[in-house]
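Shared between the two complexes below is chain A, which has chain B as its partner in the first and chain C in the second.
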Partner chain A sequence: MTDLERHDYDVIVIGAGGAGLRAAIEAREQGLRTAIICKSLFGKAHTVMAEGGIAASMGNANEKDNWQTHFRDTMRGGKFLNNPRMAELHAKEAPMRVWELETYGALFDRTPDGRISQRNFGGHEYPRLAHVGDRTGLELIRTLQQKIVSLQQEDHRETGDYESRLRVFAELTVTDILKADGAVAGAFGYWRESGRFVLFSAPAVILATGGIGKSFKVTSNSWEYTGDGHALALRAGASLVNMEFIQFHPTGMVWPPSVKGILVTESVRGDGGVLRNSEGKRFMFDYVPDVFRGQYADTEEEADRWYKDPENNKRPPELLPRDEVARAINNEVKEGRSSPHGGVFLDVSTRLPAEEIRRRLPSMHHQFKELADVDITAEPMEVGPTCHYVMGGVEVDADTAATSVPGLYAAGEVAGGMHGSNRLGGNSLSDLLVFGRRAGVGASEYIAALGDSRPAIQDADVDRAAEVALAPFRDASENPYSLHQELQQKMNDLVGIIRREGEVREALDMLDDLDERAKSVGVEGHRQFNPGWHLALDLRNMLAVCRCVALAALERTESRGGHTREDFPGMDPEWRGVNLICTLDGSDAVQLRRQPVPEIRQDLLELFERTELSKYLTAPELARLDAGGSSTQQGSADGSDRS
Partner chain B sequence: MSYDARFKVWRGDAAGGVLQDYTVEVNEGEVVLDIIHRLQATQAPDLAVRWNCKAGKCGSCSAEINGKPRLLCMTRMSTFTEEQVITVTPLRTFPVMRDLVTDVSFNYQKAREVQAFSPPADLQPGDYRMQQVDVERSQEFRKCIECFLCQDVCHVVRDHEDNKTSFAGPRFLMRVAELDMHPLDTADRRQAAKEEHGLGYCNITKCCTEVCPEHIKITDNALIPLKERVVDRHYDPVVWLGNKIRRRSS
Partner chain C sequence: MTATAEKTDQTGGQDSPKAGVVPSFTVTLKISRFDPETDSEQHWETYEVTAHATDRVLDALHQIKWDQDGSLSFRRSCAHGVCGSDAMRINGKNRLACKTLIKDVNPDKPITVEPIKGLPVEKDLIVDMEPFFDAYREVMPFLITEGNEPTRERIQSQADRDRFDDTTKCILCAACTTSCPVFWNDGQYFGPAAIVNAHRFIFDSRDDGGTQRLEILNDKEGVWRCRTTFNCTDACPRGIEVTKAIQEVKRALLTSRF
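Moving on to the complex of A and B:
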């Protein structure tokens, strides 16, 4: 029997970012004994890095804004592949989730009449992002962290113990979800500090583990983003949806090499920054795609007037959705019009007074000064695309965040569906709160229905989990660091921003090879805070997730949002109705299948002009719309007749 | 552009340790954390270090470089000469776990002792109204990334282990000030600042302000004003409440 530390809870939340903390607050408020587990210290999760803001149609900057416009923008951004129910709930509930943060102590920037200020962002029709300078994620995480502390203080007053109902297990990595009779029974992990194993018994687990960016070489994501939650869900028997959709943020730092990929917030463009190539040209005017023509300015003059008078002018094309801007930059670089270090220029220095730049973009100013020796109030920045966000993720029920495995829930970046093929800026932070809360509610309803019959963990499963976790301490020659570097480079090159069939096939071969070599990864030393060992365990997750990405990227023979196939450059209405689903088979091999996208309700479709819908929907879908809708599933949705 | 730098890195655990010598490649534009990572990948795979964002935003990678509390990810190699030997040691004020990783749980305990934000009971979500000028003071303190460098450098605990029970440290005294200046907080925090969080121990040396990577003026803008409010003899609770609560007029 494995030597371990044991804990008993009602709910375990894996992840202490925005989604995990909001889920935990909800679970605790619903009366559940809740554990929060995270790989880094409390308050350091990836959410802390979010800069620009949190999207919610509070209508403080423009009273015309409402949930319907937010819904429309979200669906457009996602190219209509979003889970429509998720997009609807998100648009409706985001304002209340933001206002709630104020009751926890958040201090957003204000409008002149004292309400929460809202800023412009790519793809959002109205100024919609609540923000605190360019450190909104820090405000979000600190606020939720402090709310947790306040709940712990309440518990302390009542029970004499801060941790009687809500405890944070920081620097603990979960390596397996344990089940009994098909339902969740708990989770297994290790303390990063001591290497000691920990077993949690709990009938409900909420995954809030974030993304997968560390599988790519150039990324804005931190080391935590190794796709653990995605892999845990797969191994527990849940499914992943649309893993081919990965957002490459158009503006990451490109120089110096050691900071390549670090994010340059979109607020730089929202606040007036423009993109230029080596010829000094504002090239984005050449890249407005047909579906967006009519919403974006044709001339620099009109674009510039928009900042002052958005009612009577169209938006600058720099504020197109991220996928469009990233592809445009990629193309400028490919055609030889790049800045000295292989990016393009992003300039605010000629657009705003220095004082204003320092006030509105303090952390960008700081970041460039400290890391690149560039003063953004005096000279342009050099930027290029960086792997930023995964739209794909664990398949969940929109209302409860439940996966197909009883007791397993997922919320935040690890969950899929909400953003369709492309996420709008600011829509992640709001997603975390809306669906984090819903996961907390979902889990508590599930537990209430369970009553006293909680699944019991089997000793044999625990021993197996321990065995797998200890496997890297073998006398073998593969170095986890080199394997990881190879994976990152290859994913970047072969399944990156632009994809081709041959290259994706090459990536799949490379994954076969790495899977094989991963079996002989060996690490030195002991279990105490051993980063080589940690990486070896993370590698297993990254390899599984990368295979899902590559398989789905090969299957989807069209270009849409965060998936661009050079050999299939157009968007195909037949594919609009198709989700690609990954699961594991009995021998842990990834299986891919097609599944219809949930139908968009008639009343939601009617929020759009028919001419706009005709750019996305198939002829039969449009005919049904004209006939007043129907409750049957879209017939063409499996897309299986495509070559 | 590359050169070989000489490093001394503290290796060990709670039982003790030594400064170990390394010679390691440095490339243009790199920061100290890059070099630590290169050591892990090439010479010391089990070298323990905490980090996360590598962009100065999360406050995980705190350590001491040539004796000065710094973020490893925001210390550029170009600030040293090629000949200089660079010494990297764990934060001195907190117990070592392993190598560069320390046990910072002291800070989380202190965070828990500061009474949470206490809004007016009848104020509904969506009805909060505050002016930008009124939130700005607290916003400065909310830039804090909780790197705990100020906690590490403050002599009150750095040199006197026994003060740890009665002194919250600059970061959490600043948290008290932040809430005290929050336009909608209804709690009176002055007595607690003095009696529970040990504001009196601070003799305004400003060492905390000097090391803060967010350039927060901890001493001038948080600690001194808090001290002034605590000693204010003409304290009148009714006036104080009237000044603090600013409601939507409609």
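Moving on to the complex of A and C:
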């Protein structure tokens, strides 16, 4: 191809959210020439929307906190399906990543003695979330962006060129990862502004593209979340793990319609907000599952005492993990006790003085006032579940973030395993920093080992990628916007928060139909900033990812975390040991298989009471544990690298 | 008629007769269009959409793009006023399209939507943001410290942290800079956003680079170009007191105290 812009880098990071930027900083610090590619303008990534904070057991608010407690909370939240090595690394390293962010210049709310303040959040035993008001995600992105500017200025002083080691390619979309002899050789994409094609040669690619929320109708996710990284990984030959686990955040706005899906942060509940149904009943007390009984208050009186005295009282059930709260709300609505617009009431107005609400939750107050003309200091909000986060993702090695394809790495929401079947609030921002950094290190080590023998991109692969990218400019009738809306509606209705076999099968038929129609999507106009064309290409990714979600949702005949089967309502210990893996076969059809979950090391299991483990593990697993865990330990030696 | 009319008392309101009904009306949008392939200059095009009382200008733009003209180009990401992608000139005033309720901009007359002023237009409502980010980068928007890194966090009192809280709310949407008459006339001027981002570090008790930054802003294209018109403060979708921040930087330059 002649009109092709070419670049040569050591590492390409796709995605400029928290994971991508932290990975890029690490790669540059390791001396690698690094490109950051993002679909939006630099600094606008979806991470900016995270409100709650960064979970890290620094122990500033309660010195009893430590990594073991954080690990326990994370495993409980994920219903023991987490990749245990990832949960361990995450819990151990999160404090260092937060302190590091602070030295980069991040603003944090402070304790009276000037240390980083930490707040309570659902599923976390101690106040653990480092935060700045309710704009922590924005501050995290801004700080990493600033760090990158400072590194570029450092490079300028040394080399005379700001972009000699670290360059940002903003508003550029990657459509394919290119390989040679089974290893990563580069990436192919287009400038969104000009539509011109760009070819990157690089032996390592780090995927940090975030999630898949735009496949669903009601979502808190921004437009970039079209599962690009998931689909790029699949097409490059990597595997996806446990795509059935999707977190529906319990409290999205359900009213008014123009802001449907937008999030109401969990801190509203952490700071005293309660959920009530149409009868005025604080219903969450009816929904504490057995595995959590004993950790949550039984009465309103005790729950209310907890806000002032968490040491001597049990937590209010409004702070159960997100999946539990989402299911409870869904059930209240289903049984006819919903608010007027199909949600429930989240009320903080009768719980705190107006001034206090404005001080503690300034962005929330602002958001409701400005986007919806609702004053949360004076009236309750109407909330309901919204598609928020995908726990499933690219299967990676815990320590290095490497996928099964040499040279391909994944970190952040696009990677799977860390959160098991359900993610705790606050564990996402820490995940981005911990595994973003690890991916940067992993890619550096891989490149060092490669030496001079870098895979070379094949011309035929470039031609094929260009052909696929240009395909929507055909004389065809399907409108990409209508196809997208149909996909979102059906995924919401058929593979949403509650799933049934018949409906998931219907979804798979619907996907067959949409796949077929996607072949005749046609767009008008030229390649300059053509949003229809961009969507047509994103659709290909969403369709592949949705199929993985539906296939896995059909296969897993139990309910756990972010996967609820109405026809299999219980959690089954047999299924706890099973990961569902999706790959593409030779003809690009999705194949699903079962694979054992990496075993949990004996020393990690011993962090739990046996009575708690007995709720999750099978009888043979418990017997092995009682026998001293000899075979469990044996399994862990290679087990920790499997997922 | 607004959403407030639909509000119900806190314990229910199942009896509210209007629950679930959102009034709708027809609204006309006059949008500035430019396609670099075919147009030599910007021109107006008019669209009619059915809007609801609670819709924002962004919702109307989406409707046009999805149902009427798939080529209409504008930036947007988070769609609730945090990422700062969709600043545009709506009825002559810089705002975020995702935070502007249609009912608040007088839907009885055509609503004009143009790209923000003072930056080169690339297509339709999309401008080249590079000059804006260049100015941002020039003020060294990152923490500069001397001495050894601490093993944990640096200690900072809540009062010291509150000193620059306002300017850390910036989302780099460019609404302030492109509302500034000085910037319109002189693209070399740093502009309010860059000064806001310098302010955040100048007044950070952890930072040791204040003198350097003040030197940069003392330049002839620096803070002294500000004519205190308060356009920037009016335009800021985050409610940052931009002009006040600029004044504080000026004062710091005069007194060398910050």
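To be clear about the criterion, the second predicted complex is superposed on the first by the 629 of 643 C-alpha atoms of A that agree within 3 Å, B and C clash if a C-alpha of one lies under 4 Å from a C-alpha of the other, contacts with A are read in each partner's own complex, and residues count from 1 in each chain.
In this section, a residue touches a chain if its C-beta (ideal position, glycine included) is under 8 Å from a C-beta of that chain, and two chains touch if they have at least 3 such contacts.
Just so it is clear, the model here is predicted, and its values are computed rather than measured.
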* To do: In the superposition on chain A, see if there is space for chain B and chain C together, and answer fit or clash.
  => clash
* Once the structures are superposed on A, label A:S349 by its partner contacts, choosing first (chain B), second (chain C), both or neither. => second
* Return first, second, both or neither, reflecting whether A:S339 touches chain B, chain C, both chains, or no partner chain. => second
* Is A:V11 contacted by the first partner chain B, the second partner chain C, both or neither? -> neither
* Asked: A:L232 contacts which: chain B (first), chain C (second), both, neither?
  -> neither
* To do: Check whether A:L138 is in contact with chain B, with chain C, with both or with neither, and answer first, second, both or neither.
  => both
* To do: For A:I25, decide between first (touching chain B), second (touching chain C), both and neither.
  => neither
* Determine where on chain A the residues touched by chain B overlap those touched by chain C, and list them. => 40-44, 46, 48-49, 99, 102-105, 107, 109-110, 112-115, 132, 135, 137-139, 142, 146-147, 149-150, 152-153, 193, 222-224, 255-259, 262, 363, 366-367, 370-372, 479, 481, 523-526, 528-532
* Structure fact -> Per the touch rule, the chain C residues reaching chain A in their complex are 2-4, 6-8, 10-14, 16, 19-20, 22, 35-37, 52, 54-56, 59, 65-67, 70-73, 75-85, 98-99, 101, 122-124, 126, 129, 133, 136-137, 140-143, 145, 149-158, 161, 164-165, 168-172, 201, 204, 206-207, 239
* **Complex contacts: residues of chain B adjacent to chain A** => 13, 27-31, 34, 40-41, 45-60, 74, 76, 97-99, 101, 104, 108, 111-112, 115-117, 119, 123, 125-126, 128-132, 135, 138-139, 142-146, 179, 182, 248
* **Residue ranges of chain A touching chain C (in the complex, touch as defined)** => 40-46, 48-49, 58, 98-99, 102-105, 107-110, 112-116, 132, 135, 137-139, 142, 146-147, 149-150, 152-153, 193, 222-224, 255-259, 262, 276, 278-280, 339-341, 345, 347, 349-350, 363, 366-367, 370-374, 379-380, 479-481, 485, 523-526, 528-532
* To do: Note which residues of chain A are touching chain B in the complex, please.
  => 40-44, 46, 48-49, 95-96, 99-100, 102-105, 107, 109-110, 112-115, 117, 132-133, 135, 137-139, 142, 146-147, 149-150, 152-153, 156, 162, 193, 222-224, 255-259, 262-263, 363, 366-367, 370-372, 479, 481-482, 523-526, 528-533
